[in-house]
Amino acid sequence: MLLPLGSFGVITLVSFLGLTRDGSWSPRYSGYLTIAAIFVAFALSLWALDGAIDADGARVGFDGHKWVVVGELDVHIGITLDGLSAIMLVVVTSVSLLVQVYSQEYMRGDGGYNRYYAFMSLFTASMLGLVLASNIVQLFVFWELVGLCSYLLIGFWFYKDSARRAATKAFLVTRVGDLGFLIAILIIFSETGKLGIGDIHEAAIAGAVGSTALTLFALGLFAGAAGKSAQFPLHVWLPDAMEGPTPVSALIHAATMVAAGVYLVARFFPVFAESDEAITTVAAIGAITAIIASLLGIMATDIKRVMAYSTISQLGYMMMGLGVFGIVAAIFHLFTHAFFKALLFLGAGSVNHATGTFDMRRMGGLAKYMPVTFWTVFIASMALVGLPPLAGFWSKDEILSDAWDDRPWVFVVALIGVFLTAVYVGRMLFLTFGGEYKGGEESEHGEPGVHSEPHESPTLMLVPLVVLAVMAAVAGLVNIDDGLKTLIEGWLPRESEELVTHGGFQWWIALSSTAAGLAGLGVAWLVYGARVVESDRVRHIAEPLPEILENKYYLDWLYEEFFVRGLVLGGAAWLLSLWDRYVIDGAVNGVGTVARWSADQARLVQAGQAQLYASVMLIGVVGAIAGILIIDPK
Amino acid sequence: MDDTGTVVAFYMLSALTIVSALGVVVVRNLIHAVVFLILSFVGVAGLYITLSADFVAVTQVLIYAGAVSVLILFAIVLTPTGDRGNQETFLRLPALLLALLVAFTLGYVAIDTDWAISDREGFQQTASTIGEALLDKYVLPFEIASVLLLVAMMGAIVLVRPDSAMEGE
Amino acid sequence: MSVNLEHYLIVGAVLFSVGLYLALAKRNFVAVLMGIELMFNAVNLTFVAFSRFVRSPNPLDGHVFVVFVITVAAAEAATALALAVLLYRVRDTINVDRIDLLKW
Amino acid sequence: MEDINRFGPELALLIAAGLIVVGDVTLPMRGGTRRVASVALGLAGLAVSALWSLVLIVADERGNAFDGLMVVDDFSLFFNFLFVGIAAVIILASVDLLEKSRFRAEYVALVLTSTVGMMLMASTVDLIAIFAALELQAISFYVLVAFLKDGRSSEAALKYLLLGAVSTALTLYGMAYLFGLSGSTNLNDIAAFVAGADSGTRPALVLAAVFLAAGLGFKMAVVPFQMWVPDVYQGAPTPVTAYLSVASKAAGFAVVMRVFVVALGHGLISSDWSNMFAAIAAISMTLGNVAALAQSDIKRMLGYSSIAQAGTFLIGLAAVAANDPQLLLGTSSVVFFLGTYAFTNLGAFIAIIAISNKIGSDQIGDYAGVARRSPWLAAGLTACLLSLTGIPPLAGFWGKFWVFNAAVRADLVWLALIGVLNSVISAYYYVGVVLKMYTQEPANDEAFQPSPYLGLAMTAAVVGLVAVGLYPAPLLDASESAAAVLG
Amino acid sequence: MLSLAVFLPIAGVLAIVLLPKEEEHRAKLIAAGVSAVVLALIAFMFVDYDRDRAGYQFVNSTTWLDSDFSNIKLKYAVGLDGLSLPLALLTAFLGLVSVLISWRIELRPREYFAWLLVLETSLLGVFSALDFVLFFLFWEIELVPMYFLISVWGSGNRVYSAWKYVLYTFFGSALMLVGILTLGFTADTFDIRQLARIGDINDAIIPTWAIFTLIISAFLIKLPIVPLHTWLPDAHTDAPTAVSVILAGVLLKMGGYGILRMSLSIMPDVARDASIWLAIIAAVSILYGALMTLIQQDLKRLIAYSSVSHMGYVLLGASAIGTVGLTGASMQMLTHGLITGMLFVLVGMVYDRAHTRNIADLSGLAPRMPFIAVMMVVAGLASLGLPALAGFVSEITVFLGTFEKHEVMTIAGVIGIAFAAGYILWTIQRVFWGAPDPRWESLVDATAWWERGPLLAMTAAIVAIGIYPAVMMDLFESGVTPIAQRLG
């Protein structure tokens, strides 16, 4: 059972080998080594999954090594292997494996090839570590490492101004969420003195934690999750994260970074389940996120951005699912989403490979140039919209039905979301693959002119696409007989397990969601496919919504200009610097000035006249006698 | 000290002493001031006699009224273009105030203190006793004083004799 | 009417103050020295008065002290007047308030 | 004979002084030889004196002399060594000065007689003898201060003499009152009287104490009797300034300790003078340090600094009576501090003599880049200044440490606080000189060395400084046994 | 052996001073040799330290001064325990590093290296002294070399900065001296081991809180805390690189060490009452320092202010007055020493090459100096508290230890971490990333062994501690447990 940890070790080691042996080490080896390691990890994950299935999803972990033990503080590094983590392992390793294979071709010739694979390995390893962690601090460690890797990868082309900004932004925004996570850790430690995940669950269920503290703890965790999983209002980093190489985006959006947040909430489901306020917040934030992100998706012109917003909105679905106690549905959706979203991104990468641009307005008609890419992306898109019998349909349906069961308003929101999703997916498909080719643009690699005639991508890139397409098509069948249910629920304590919603399959829900999806596609066809309705007119009618959307609800402005530049840099820090310079240093230097001044006064007495000196002496004498005899006459 | 003669002598001598001292202050000619100074010294010598301190009185007359006054006159003479006006500096008023304050303080303390008065009679013969003390018990300070006088002499030479003779050696 | 210790002490005090005034206020260094001599006289008077009046195992110690004071005062006067001559030579004045180059 | 034996250290110096003067007049010698002969004879006299003191210790010849006017005890022996050592260093430091004067024999003799005066100040226990000793020292110094016989030097002497004479008169008045109260001039008799004095005598006792403090405060150079210090320090020949700042001050403290601790230490007014000294200490430190900040002449600056240092010593004295059971701690701390201060200030002045000789200026501004031109001198001066600041592991630190320790134990924490804060102020100007020497460019790059005499004196001071800093125990033991005598 | 390690640098100083002027280039060899031997000695002690038997080990003790009149026995006593041993190791390590990175010093090298070695002795002395007066002695000695190093070999407004440093510190230590004396008078001993055993002090001549305040003020200035911090940015900015390294790496730790060793363990009663105030000061320092860091334009100043912020965590941990918090605080001292030391080494290298530290002037340095850039990223990430690097371990331990006692202040501290991420990343982004600037075309990477070696060693230490903190944590725990027990 320790083997997944071993794989993590291998990858980490490789990552550092790749880094330090830069130069004498052929870059290709890094790729091979990484892929081999991930393949081993994938195999081990399957083996772990097998073990988890045998155990009906119950925990088969064990406590590992002492890390920090000080006084009452006890952090042991351990492994949690249960149904939930086993599924996550498989998702992570499989998507990662495919992405790495794809990258072999995509990144060919890039100067930072070694670095790329090193970071990617570390990324996957951190994610695995996160999933396997048995201790909340350990979880936090890998959580932050995931953040770090995303930072490094988003800023991979560090000489690009947009890339370095996006990287910093991603790290900082998620860091804000992480503060919540950290505070949550502090709260739970001060309440229970325990940091083991299992211990925390027990304490929460046993009522050993005060209800306020519990809620705060859960909300803190959720803040962390919201940061990583790009939930409103911390979602702003994700669209910018497109600055990294496309496979990175695939990995971030499908299997690693964003999944971490959902995983975290799922992992602490027993805690959330104990706090009504917390779980309601999760549902509400999920709902808001789902809607606002899909609206943004409609306006985006960059294909990767469209997908990014779609990720955000799908993550909103997952959160909604968790918020209605539908942990099975949520993880199921995570599972299916991983495949079709990875596929979408890799497809976008493929498109970019061919056209050299991500701007959908520069594409068009690609279906005939790149059939494989088109069909795989099409499958993924339909899965995303949730058309049966593709993977997305099953999982999204389950969320809808759980929502109906628990909080009908969430259901309504989700249904609207389905519609909006269909609209932007349709728009994306029509703009990219329909109509005429509009010329492409300069590529990321700086080789102009080769994209005038788009062509299908090399085989090595297509294989992952096809594999993922198959998965996107059939992955939904996994849970058709509740195959995942036992796995996902198996590890839950009995008290929490009873709370989990099981909406079950309901025909009318399935039909209505399919109808909403089709309606959305229809609208998209009207505007972008057949161009029956001018998009400008739609825009005009919807005023001022488009403008708000184009400015992304002014959140970036609010954060960057108002909070960071305005309040923090321009306000607080500026004021403090004045305070520092004039008041504190002023006081310090003022002491010096006063001393100087007194010195000048003091020496004036020394006027050089001897009898003056004698007079001072006698004044002192008389004063002393008078002082002693008058003040203290005994 | 109740006999009238002593009392009268005391007051007269005190008056002489203090009025002469004030004379030193008031007169506007330095030479005249020296004269008043000598008078004051003599007055003090007289007071010593009322205190039956004959040896001290004699010493006083010899050294103060004699030697010191002559020294002072010498000094005046040796600084021919010096100021002979006996003026005060700008510290006149503060000094006056201070002097009055000191006088008041000293007087207050003198009166306010319980002195351990003995009923001993006046001394009969002080010179021999003092002489013995000087050569016996107080031989150390006596020696020091003699060294001191030598030092003063040497100092005066050092100060007054010019350095320029150096080149001659 | 009788004359006792306090009378002498007060005469001494007054004499001391007059001397002090001279020392503090006179412009000519020689006059200042006269003031100082008067102060010594006042002290001497005080000593002698104490010798006469107070209880003491060796009352004449006061007289011995006075002898020393007189000696020392003479020596000091000699030094001081030598200094006056020196000052007169190098500074052309013995006015105390003009000898104030060293200050601040 | 016993009297003479115990008077031996002083006698040796007097004989040496006599020989020097007489020899100078009678023996036919060239100028340079005369100088060396005077110096050598003076040093020999000091050596004999020190040896004699040593013999007195080894033979345990401690005891009274001259009918109890003088004592040879650990206290006086401590100061014997201190003064002899200082005098030796001063004579060495004066060699360059004497080159220009025809009165080299007289100079050396005056140094020796003043040393005798100071040794006697520390060892006499009778007011008459103390007075004589005080005056011997004072008159010697009047002449020494005027020794350059230029305008500044003589002006300094005038001020020193005028204030010295007034303070002598004050001291005498105080002594007269003590005599009038107790009927005796012997300190032990006075102590006996004070111990049993009733409150009716308090006004006179207070007056006597204050007047004595005024007279001796003049020697110690504490506020408000410090006014002469900067002017005289600046005007006097630098070796004499050094001598004044170290020896005269120490002698003043020795007398104060004898008079106040022995005679006035127990009884009616001990808390009065303790409070007075505490106040004087606080004011002296603050005023001295603050005024020193604005000085541009290094001698003047050290003058102000010596006022501040004297204030610091006074903390120890204030601590003496504030807390009777701990009486000895305060005294011993002052004695110890005086010892460390001697090394420190002497070293500083010698360095200044050496440097000023070369650069021809006492202005701090002209010390720029001295470190480049004469690294060893600069290092030595730096060590001395840091020691004055109170930075360990130099002797000055321990001095302050013990004084503050005494203050704290005498319930004078506030005074200790003022003391330490003043150390901070003092750092500003002490280190300012160091800064000039090390961080600024010199006017010219010509390297220079101190004369061998100065080098020897300097080395002695700095070695002492560091040795005491690293291992203060011997000096501390000595000062404690010295203080024990006064108990 | 400990005494040997403490005073060996002084022997080195003598050797350097006696070098003839023509041989002055050998000074650095002597300095490097001596500090390497010291490091080896302390490393040996680190390994040799018997962790099962906590408490002071390698003790050398002898009476040094014995006063008849005041019951004072000053001891020369040195020893190391779990708290001081890692700090001594850090000192020795950074001592060697600072010698190495000064390899190219050309201005008066003999004096320079001599002062560096004096500094090392005083620092080792502070951490190993077992007598409060001896502690104070070493504490004060440190001023002198620092003063010279800044004012002679510094840059910019070096004289003013040196002044400021000296006067601030001297002010604090002056107050501490009175505190030490009152404490010693009350407790009748200066021996730290005895002081840490005596019961509550009740009959002091001044209130115990006053003694506490007097003593801790020196430590707070040294730490430094807002508003007593303004010496730090100036001193850091104008000091030569090696001195900045020592200053940030070790000198600030004297303050933290003092708080733990003296203030908390000797006067637990007052410390308990004062803990909320300490926490407030800490929170203010953290946020204030972080905000100030954000708007700095000078790289060194930036790191200096970040030090203010980071040392706030030390105080925060100390204010927890529990084992966890104290361990975190001491750990933070160690990790901050390594990380900030490394940052200063790097900034120094950048400055040596580009001759500017102004962030606005620098851009796109990474392609020119990849090694330095990578190291900068590692150090920066460690500084912002990235897990698996050293900084995280200490910070989270501080938080975990403190939260229970001072919730709000801890949260303020946590917010400080977000700022840390902001200023570190923003700086790296602006300086190292972005389009290469033609002005910096000719800059070369760090290639010499004496440049790379220290950096790699520091990286190794940072990573090792981050991944397996127990190696230091256990020691620190054994060191602070007695203190925590007294605070109980």
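First chain written, first letter: the chains are A, B, C, D and E, and each begins at residue 1.
One rule holds for everything that comes next: a residue touches a chain if its C-beta (ideal position, glycine included) is under 8 Å from a C-beta of that chain, and two chains touch if they have at least 3 such contacts.
Owing to the predicted nature of the structure, the values given are computational and were not obtained by experimental measurement.
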Contacts common to subunit B and subunit D (chain labels): A, C
Chain whose mean Cα position lies farthest from subunit E: B
Remotest chain, subunit C as reference, centres from CA atoms: A
Chain at the geometric heart of the assembly (C-alpha centres): E
Which of B-C and A-E has more C-beta contact pairs: B-C
Distance from subunit E to subunit B - Cα centre to Cα centre, in angstrom: 70
Computed distance of Cα centres, subunit D from subunit C, in Å: 26
Intercentroid distance (Cα basis), subunit C paired with subunit A, Å: 96
Chain centre separation (subunit C, subunit E; CA means) in Å: 65
Where subunit B touches two or more other chains at once, by residue number: 89, 91, 94-95, 98, 102, 105-106, 109-110, 115-116, 138, 141, 145, 148, 151-152, 155, 159
Set of subunit C residues in contact with two or more other chains: 5, 16, 19-20, 23-25, 32-33, 49, 54-56, 58-59, 61, 64, 68, 72, 75-76, 79, 83, 86, 96-97, 99-103
Junction residues of subunit D - those touching two or more other chains: 128, 131-132, 135, 139, 142-143, 146, 149, 158-159, 162, 166, 173, 177, 180-181, 183, 202-203, 206-207, 230-231, 428
Which pairs of chains touch, using the document's own definition: A-B, A-C, A-D, A-E, B-C, B-D, C-D, D-E
Touch list for subunit C against partner subunit B, complex: 1-22, 24-28, 30-31, 33-35, 37-38, 41, 44-45, 48-49, 51-56, 58-61, 63-64, 66-68, 70-79, 81-86, 88-89, 92-97
Residue ranges of subunit E in contact with subunit A within the complex: 164, 168, 227, 229-230, 288, 291-292, 294-295, 322-324, 327-328, 364, 366-367, 374, 381, 386-388, 392-393, 396-397, 399-401, 403-404, 407, 410-411, 414-415, 417-418, 421-422, 425-426, 429, 432-436, 468-470, 473-474, 476-477, 481, 484
Partner subunit B, residues of subunit D touching it in the complex: 7, 14, 21, 30-31, 65-67, 69-70, 100-103, 106-107, 109-110, 113, 116-117, 120, 124, 126, 128-129, 131-133, 135-136, 139-140, 142-143, 146-147, 149, 173, 177, 180-181, 183, 198, 200-204, 206-207
List of subunit B residues in touch with subunit D within their complex: 105-106, 108-110, 112-116, 136-141, 144-145, 147-148, 151-152, 154-155, 157-159, 161, 163, 165-166, 169
Residues on subunit B engaged by subunit A in the complex (per definition of touch): 89, 91, 94-95, 98, 101-102, 105, 109
